[in-house]
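Across the two complexes that follow, chain A remains constant while its partner is chain B and subsequently chain C.
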Partner chain A sequence: MIEYVVRRVLYGLLVIALVTVFVFLTLRLIPGDVVRLQLADAPGVTQEQLDARAAALGLDQPLITQLFKFLGDAFTGDFGISFQSQQPVTSIIAERLPITLQLGLMALVISIALGIPLGLLAAYKQNSWLDQSLRVVSVAGLSIPNFWLGLLLVTYLAIWFSWSPPLVYRSPGEDLVSNLTQMALPALALGVSGMAAIARMLRSSLLEVMRSNFVRTVRAKGAPERTVLFTHAVRNSLVPVFSLIGVQVGGILGGTVILESIFAIPGMGSMIFQAVQMRDYPVVLGAVVVFGAVFVTVNLVVDLLYGVIDPRIRYA
Partner chain B sequence: MHPQPLLEVDDLHVEFSTADGPVEAVAGVSFTVGAEETVAVVGESGSGKSVTALAVLKLLDGGRISRGQVRFDGKDLAPLNPKAMRKVRGNDIAMIFQDPMTSLDPLYSVGHQIVEALRLHRRVTKRAARERAVELLEQVGMPDPRRRLASYPHQLSGGQRQRVMIAIALACSPRLLIADEPTTALDVTIEAQILELLHDLQREYRTAMLLVTHDMGVVAETADRVVVFYGGQVVEQGPTAQVLRNPQHPYTAALLAAIPHPDSAKERQLPAIPGAVPALRDMPAGCRFNPRCAMAWEACTHEVPPLYELPGGRTSRCLLHREGGGSAVVAPPAPPLSAELAPAGPPLTTRKGI
Partner chain C sequence: MSEVDAGPATVVAPPAVRARAGRRGLGRLLRTQPLGAVAAVVIVLFVAAAALAPFIAPFDPTAQHRDAFLAVPGSPYLMGTDDLGRDIFSRVLYGARTSLLVAVCTLVAGGIIGIVIGVASGYFAGGWVDTLLQRIMDTLMAIPGIVLLLFIAALLGPSIRNTVIALSLLVIPTFNRVSRGEMLRIREELYVESARASGCSTWRILRRHGLPNLLAPILVVASLTFAIIIIAESALSFLGIGTPPPTPSWGAMLSDGSRYMEIAPWMVVFPGGALTLGVLAFNLLGDAMRDFFDPKQSSR
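What follows is the complex of A and B.
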């Protein structure tokens, strides 16, 4: 068990390192460089000034040196200094990560809290109009990009109800209502595809379980339908659904980049968006490492919880 | 013989609604099981044995009893509402299924599943129920029963799982145990152990048993009476020894004749007889067995044979009894067998001595 966790953690670190290298190289391939973006508008900049700026940011070093320096520092939790704000990337992330975690968690809760009842209902009322319309909603939910859904939501709420969410961020401590109002739409937009995936998988899983032999055994014991359904069938049908959560976290984290920008939420996502525009390499890379770590951790926790709900799982 | 049978299945019809409309899987089945009696049900695959067994407990998935009665202790179960039916299941009548690998919930311990069965019908504390579960596991021959309580199904072998199923079935001391091919999925040595266990426990608990099986050897050894199914109907029934020694229905005769070594009728598979069971949708007119029957003659293709009562508490569904009046199966009385009617049947001469 401990051996399993250690192995998974090491494996996770490797994955994060590889992703970081990939993003590092990709960033350098995008045209436009940070020094010009920073100084281009200043009148009468000389080549010497540009070179000095590049040297100050460490960009005069060979690429490979820069890469290893970043990886080495990152391993100790130091992602360098933001090119833009001149603050340590670590402290910027420390400020922004909780906001994104809140948003992501809300999205996850929405997808589970809506997905499970919808899936159960669809299975229970199999082939009814309810099931049919849920199927349409699910397909739509799975295929509409979350940022587009976010835009639709703000647009139509504004047109129909002349309502728009607050555009100035307040922390939950400052003003919980304002905070939740601002977070609600992006969380919904981020959660819908997960909701659709959960509902669909749960529906088919429950229908399959209801036809299984052990459900017949429970009925043959004389159990009421409530016991058949909730003690046995639903619990079994949730096993495959549970694995969706890990996958979903990846989608939610990715979705925050644009949705936080649309809804003016000062989290990791909007930070990445700006940093990419400004070629603020340390910030982008720091965010990639942190998102990678969140993703790897969530998936490890999900896999460990699997053993709690399914006794057949053995960690080896 | 028995003043009032424990179970009386009377003209049972079971209908399934399918995409192509309703099909009748069981068409007028009647038989009885007396208290503490063992009745074997045999017949080819698809003849309606499982459907009949499930219909007794109304556990049909997508099917319903469309006609007839299932009387238990004189009371018809067919019209019972789900709540009343639940009081019967597991309590008066328990059931064991064919596939022990999938018949237990993989997410719950063996103990939980036995305790659940007990507490559904008996007002006992969890602790008392667990003690009873240990006792049951011991009775079904589970090694180290107390520790096994915490085991999950995937930690047990097929034979052990079937023992757990038997423990669950016996938890509330039912008066009738329905076992639908309880050993088909197990290997031969385990099969013998499980059958012996069932036999012993049946005596101990004074339970009647309806045993669906493919194994004529098992029938011969364990059953008081045997019911032969064909095409969703009972074609013959009677005391085991008589039916096996002197079958009255051509189908039973063909089944027995097809056993390779009649002396040691220990075949695991039901012996194969030529031809195939017709599909539910195109049951032949007249006698359902006529396309495969070596004795068939012209009348068999349009006259539906009724169940004839024969001496010795036997019945048989064959037109031969109309004139024969219950004698052993002999050459057909009317126009002799045409090749067309019995294309694959063995020649009559080989059937002498049945």
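What follows is the complex of A and C.
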């Protein structure tokens, strides 16, 4: 077990390192000189100035040296200085990451809190009109692009109820109500597809469990239907649902890029989008690596918790 | 195809029989999966709208009607006009073109590369080819989709070709995963073993036994991936790094509309509605095909 955990953690670190290498090499291999980009606005730049700048950034070193220096720095949490704001990338990320994590967590909670009851209901009332309409709702929920849903929510809440979410970000410590009001709509838009996916998965996995031998045994010993469902079946049917969470987190993290921009939330998503527009490469690099690291970590945790939820799963 | 799938007899069904059954299966698929049939009709309508856009569209999608800025849906502008006075109905039709063009190119490019990688790794599982390829796939999958797209597309610059390249990187791992997993299963099958015993070359085994048996799962994934590609293309265009203007694309239309949503919600409603309908159709078709090919997994 411990060996398994160690191996998985090491593999997770390897993948994060590979992501870093991939992002670094892609940035370097694509035409466009970082130095010239940085000094592009300054007129009459001499070659000496360019060389000096390149040396200062370590760009005169061979690629492989640069790569290892970058990897080493990245692992100590140093992604360099933002071209745009001249602040260390790490401190910018440290400021914005909690905001995105809060938004992501809210979205995840929404998808679980709505998805599980809906899935249970659909399975419980299998083939009823309720089940049929829930099926339509969940396919629709999976299909509706989260940014369109976000736009519709703001638009129609404004038109019908003359209500708009606050457009100035306040931290939860500063003004909890304003913070949650601003986060609510994007979190809902991000959570809907997860809700749909969870409801669908839970329905089919619960129905499968209900057909299994042990449920027949529980019924045969005369347990009431409620005990069959809640004590025995639901717990077993939640295992595949749990594995969905890793996938959901990827979608939610990606979705923050657009939704944070729409709702003026200063998190990682809107940061990477602005950085990309400004060609602020150190920030882009740091953000992609951090997004990757969060995603890999969540999936690792999900995998490890798998055995806790379902003791039948052996680590090999 | 489902006749041979019904029991353990699957193992001995020669690929040629399965392929023939598969062709006959299309009719059965549409008959037994009503939602799938509806989805297929919607998809056909979409393709028709895209192909015939120049004939159906009442206006030039880039023409600016100076007498009708932000016109309310009605006559003659069926879905209203945008802030530059362009007819939204015509733009939605032409947007379907962009969307389908990008999605088909991505599906072909990304699908073929992903399947080749998956089949090669699956057949030689455990070898260094497998290890190397799978580490690359793990790397691509470790970055959340839109972030990867944003990164690649932004570096390459906005163009339809670059959008296809970025989207292909997104879908390659999906096709790799499915075809590798199936290949791992297929290579243990009796018919592969007998083919090997009778002296078939690796290439022949992959071509005659591997690919035909991959077809069903690949079709399902292709349909579901198509839906993802359409959303992702719109997301990129929404962010301004996908299809460059003035080519109409649903994502860019949504982005324009987001600035006027309170006074002209139709700018957001129609392109988004078309997008959602398209995605819904491909999701439903994928579901129907999965239920059809694999009745055991069916939730019905």
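Keep this in mind: the second predicted complex is superposed on the first by the 266 of 316 C-alpha atoms of A that agree within 3 Å, B and C clash if a C-alpha of one lies under 4 Å from a C-alpha of the other, contacts with A are read in each partner's own complex, and residues count from 1 in each chain.
Definition applied: contacts are C-beta pairs under 8 Å (C-beta built on N, C-alpha and C of every residue); 3 or more make two chains touch, one makes a residue touch a chain.
Not measured: the values here are computed from a predicted model.
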So if we stack both complexes on chain A, do chain B and chain C clash, or do they fit?
fit
When the two structures are overlaid on chain A, which partner does A:145 contact: first (chain B), second (chain C), both, or neither?
second
Using only C-alpha centres after the superposition, what angle do chain B and chain C make about chain A, to the nearest 10 degrees?
70
Which partner, chain B or chain C, touches more chain A residues
C
After lining up the shared chain so the two structures overlap, which partner does A:212 touch, if you call chain B first and chain C second: first, second, both or neither?
first
For A:308, decide between first (touching chain B), second (touching chain C), both and neither.
neither
Using the touch definition from the top, say if A:221 reaches chain B (first), chain C (second), both or neither.
first
Quick check on the superposed pair: does A:2 touch chain B, chain C, both, or neither? Answer first, second, both or neither.
neither
Minimum CA distance, chain B versus chain C, superposed model, integer angstrom?
12
Shared chain A contacts, counted only where both chain B and chain C touch the same residue:
none
So, in the complex, the side of chain B touching chain A is made of residues 57, 59, 61, 82-83, 86-91, 94-95, 97, 99, 102-109, 116-117, 120-121, 152, 154, 165, 168
Using the touch definition up top, name the residues of chain C that touch chain A in the complex.
135, 138-140, 142-148, 150-152, 154-156, 227, 231, 234-235, 238-241, 254, 257-258, 261-262, 265, 268-269, 272, 275-276, 279-280, 283-284, 287, 299
Show which residues of chain A lie in contact with chain B when the two form their complex.
211-214, 216-225, 227, 231-232, 235-236, 239, 309-312
Enumerate the contact residues on chain A facing chain C in the complex.
14-16, 18-19, 22-23, 26-27, 30, 32, 139-140, 142-145, 147-148, 151-152, 154-156, 158-159, 203-204, 207, 250-251, 253-255, 257-258, 261-262, 272-273, 276-277, 284, 287-288, 291-292, 295-296
